[in-house]
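There are two complexes below, and they share chain A, which is joined by chain B in the first and by chain C in the second.
And then the complex of A and B:
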């Protein structure tokens, strides 16, 4: 096998700064960002679960944080990132079948993801506080 | 005798073919109902008394769903984070270190949660 010079300068395709920002492009970035946010959010989840497993004292501390304003804001953002990434992911699963790739559909999907994730997140928290006895 | 081209064809740069692509889709589909369940669990138990939260997670169905979520999410998270690193982290050394870190991160978060869920579920 011939040895390719791996460190050689290779031509680069145009990147972010070349293109006019477009909704679909922003949604692609948002999908990755929400994915990273979810990974960070899972630290909160693991922290909560470990505290529950550790006993009442550990739980009381963690629970106090999550019941406060910063904790609730973080959880709200976490749930929003989860739902946003989920809707964006469903969009990708539809694209995997080869459909929904025309210009109209990708714009519609983009708006559905933005509006849908926001509305669903608010609904889930309203439902949590009213119907399901969240406090 | 396989030529280098024959050996690499269809397997791509990571030599794993579409395995990672497929795994990301399977965990994505599994995550849809599991994450809905997670969000409802969180929202309905924030600030709840200790005994109530513990009793909730101790239910076998809840424990199984949480375990499934943590395993599926950890795998999905590792693939996704590695994909971002592959795209944006320049240089072999930095990329290897970054991949190691996100792998340990996903494994750590997943394992900590799994142990916690098992401990709650098995009641010790």
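And then the complex of A and C:
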């Protein structure tokens, strides 16, 4: 006795390091990450809008970037993040009414968000390419 | 504040293997447990010790195994326990990566070696015993007792059957803190966010038809931290060993505040 550690000297028990990842908590972090991705995506959008205002040369440059593979991949990820965040937002709206919080519904909502966001994103791109004539 | 890593004095070191089974011993007979140890008198960092529990000599629950280790291998292993049947809430800890009661967790429900840690993100007093002072202070802060202005009746405070039913799913809470210490929001803001267990208690008194201070209780919760640090992560509801739903109780509190404001 006597050497016993008090208050602030006590170790903090492990938390993130040991907690088993579960789908519902992963969906929570995915909602946050897609929000951050949206912020980055809106920089792309702003860049495009500024280019329109700056004249034909600037616009041609930006168009060339978005027509390339890296540009298309970025846009695809942005659209996915946007749709994922939107579905996540709807999920949170439903929860705010007090419904859908039972143990079965929370798992179903998680899967609906994952599958829904992926399917919708692919559909948007298929529709886009169809309208553009496959370019 | 958010801090993803553990402070220097809290990093878990490799520990000791206490009683590895003899070569050629039937592997199925021994269950491996990796248990968090911290000795406040030694001045060392916490460590993870390994024990092998003889399942032919030990009961089925994780608490049985901890008691078996204490009786047969290492009497210094320290943990809280009392009722051994899920009513007292003493033996709450992190087992196989999730918060639950050691007494109601069947060892067969976990695969492989079973990791046992104290409840997450709390100061550790010794081994599996965390300091719950902050948690109890927060419970005190919501004043979890019947508050009335009407004169006290001669007999009991009457309540209709329907109003009594509203307390189902709330009154059963045993305050084991499994939910609160499973919540990342509580990890990062536990000094100001009340956490799921205490909010469920708050809802229990706000739902009670006999309580006459509902408005005051809601005022106390209407705060960006106390209530609104809940981001519906749902670890609370997944963890509760009594099958309660703290996330639903919190949603109900948020809703009552919105409805009141209209």
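As a working rule, the second predicted complex is superposed on the first by the 114 of 135 C-alpha atoms of A that agree within 3 Å, B and C clash if a C-alpha of one lies under 4 Å from a C-alpha of the other, contacts with A are read in each partner's own complex, and residues count from 1 in each chain.
The rule is short, and it goes like this: a contact is a pair of C-beta atoms (placed from the backbone, for glycine too) under 8 Å apart; a residue touches a chain by one contact, two chains touch by 3 or more.
Remember, it's a predicted structure, so these values are computed and weren't measured experimentally.
Contacts of A:50 after superposition on the shared chain: chain B is touched, whereas chain C is not. In the superposition on chain A, A:108 contacts neither chain B nor chain C.
By the document's definition of touching, neither partner reaches A:119: not chain B, not chain C.
Look at A:73: by the touch rule set out above, it reaches neither chain B nor chain C.
By the document's definition of touching, of the two partners only chain C reaches A:97; chain B does not. Which of chain B and chain C touches more residues of chain A: that partner is B. Overlap of the chain B and chain C interfaces on chain A comprises residues 1, 92, 96.
Chain B contributes residues 4, 25, 28-29, 31-32, 35-36, 38-40, 42-48, 50, 53-54, 57, 66, 73, 77, 80-81, 84, 105-106, 109, 112-113, 115-117, 119-120 to its touches with chain A in the complex.
Of all residues in chain A, only 1, 3-5, 7, 9-20, 22, 24-25, 28, 92, 95-98, 101-103, 106 touch chain C in the complex they form.
Contact residues of chain C toward chain A in the complex are 4, 6-7, 9-10, 12, 36, 38, 40-41, 43, 45-46, 94, 96-98, 115, 117-125, 130-131, 182, 184, 187, 231-235, 237-238, 245, 247-248, 251-252, 254-255. Within the complex formed with chain B, the chain A residues making contact are 1, 32, 35-36, 38-39, 42-43, 45-46, 48-50, 52-53, 56, 59-60, 63, 66-67, 71-72, 75, 79, 82-83, 86, 89-90, 92-93, 96, 124-125, 127-129, 132-135.
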